[in-house]
């Protein structure tokens, strides 16, 4: 099966209210993942005037989740088992960019890593995210 | 120094735009941490109609960060080094509650663990979050 | 089914070569997990003369894995999906103790948290560990 | 300052008892990290007859730690703050290989990611590891 195009992958976003609310957009698709970005705006900031780490964590989660949806070629019932993210630099303005690489797509467990960048292409964080296929029985 | 009261800790939130935007509130303070909650609303959900994992990760980050601010007794320049969160159950409605326990408050590195609950007091996730004190030099 | 006793849980260890090699022993069983310990010896140390973090990470993995074996009441085919561990203090001598709490035992995914202590009962680390049941198909 | 050669980096290992005990060797140095490997032997296995996850976690920790020592050009007082590792496939024989990439070397906090391979160059795991410089004051 051919992986979805950028447009087809982007088409998932309006069905994901929090992603839509944050303003996340799919900007590129790659052989092993996708790139998404989110423009900064005042209500996404923390008390220090830089992007809130919760938004960065969300970007990591979404970059792997959407790459998996794209890989499966349709809205597939997956759920995040766990995520881990390191923050290297504050992001004061512009946008946050997340590039995911799927590392493992098993029959039940899937995992990807994510590089996070600011508008100047500086690495601002890195993440590992684990998903599971949700079957009829509860995971 | 006496740790801050619930009201004094809550007073930090309006200075933190994303926390304020999500609707996070400090509901209790404890000897070793705090409890915060966030009511669910449509724009915080994911494509499966349950709370987005990014909001859950944000709650973990904030529960430790605010517990540290409370511990220091004033708005202190700290930043999240990394966070890790496990998701055990979907949260379809009501609210998400995060109870932090500070595990280590060193002179530079601080860490806490967080239990995450739904409105029915079921454990829906768990997290470990690491902070660092931001000095004059860059961390 | 009644969870296994300390002796019955300890009986798994000789079948696990690395655990046996490190000298890990089950010292207590609890309603929600187990306590294991490992005496320090010269070859478990790092270049700074304190316990190597790899041993601490191993203790976290084992404390959850053995608690799950105990929970299932027999040697069950489970495997670690991922582990995350924070290190709070060096452990220069005595022993390392790991107390696991099972947080989630689903039909496929299982997770526990671990508190790590030194011989003086000081908290030296904390961990979250995720396991999966290994079925006929590959995870 | 010129980063150390493979031989100079390897020279740290005999001063690190647990690494020496496991049989870890530095096999390559790269612009942004190092490659280490450890031959499998019976006492490193778990109850399922494959490499124990604790050894894999140790490899991740060491691959970043030694890359940092190499970067600093001398035995520098650093300590692991936390590590997180995903396991994708069992490693039944041969060796385990860890390739680290330093992602952030700040004045206090340092982080790297690690790809873990088996003898057939299959990706068997991935990790993120955070270190801190240990100064005169306690971290």
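In order of appearance the chains are A, B, C and D, and numbering begins at 1 in each one.
Note that in this section contacts are C-beta pairs under 8 Å (C-beta built on N, C-alpha and C of every residue); 3 or more make two chains touch, one makes a residue touch a chain.
On a predicted model such as this, the values are computed, not experimentally measured, just so you know.
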Reference subunit C; chain at largest CA-centroid distance: A
Whole-Å gap between the CA centroids of subunit A and subunit C: 32
Whole-Å gap separating subunit A and subunit D, where each centre is the average of the chain's CA atoms: 27
Distance between the centres, which are taken as Cα means, of subunit B and subunit A, whole angstrom: 21
In subunit C, residues with contacts to at least two other chains: 81-82, 84, 86, 106, 111, 128, 130
Category of the chain touch graph - line, ring, star, complete, other: complete
Subunit D - residues contacting subunit C, complex: 12, 15-22, 42-48, 52-55, 57-59, 61-62, 75, 77, 79-87, 90
Contacting residues of subunit B [partner subunit C, same complex]: 84, 86, 88-89, 103-104, 106, 111, 113, 123, 126-128, 130
Residues of subunit A touching subunit C in the complex: 81-82, 84, 106-109, 111, 128, 130, 132, 137-139
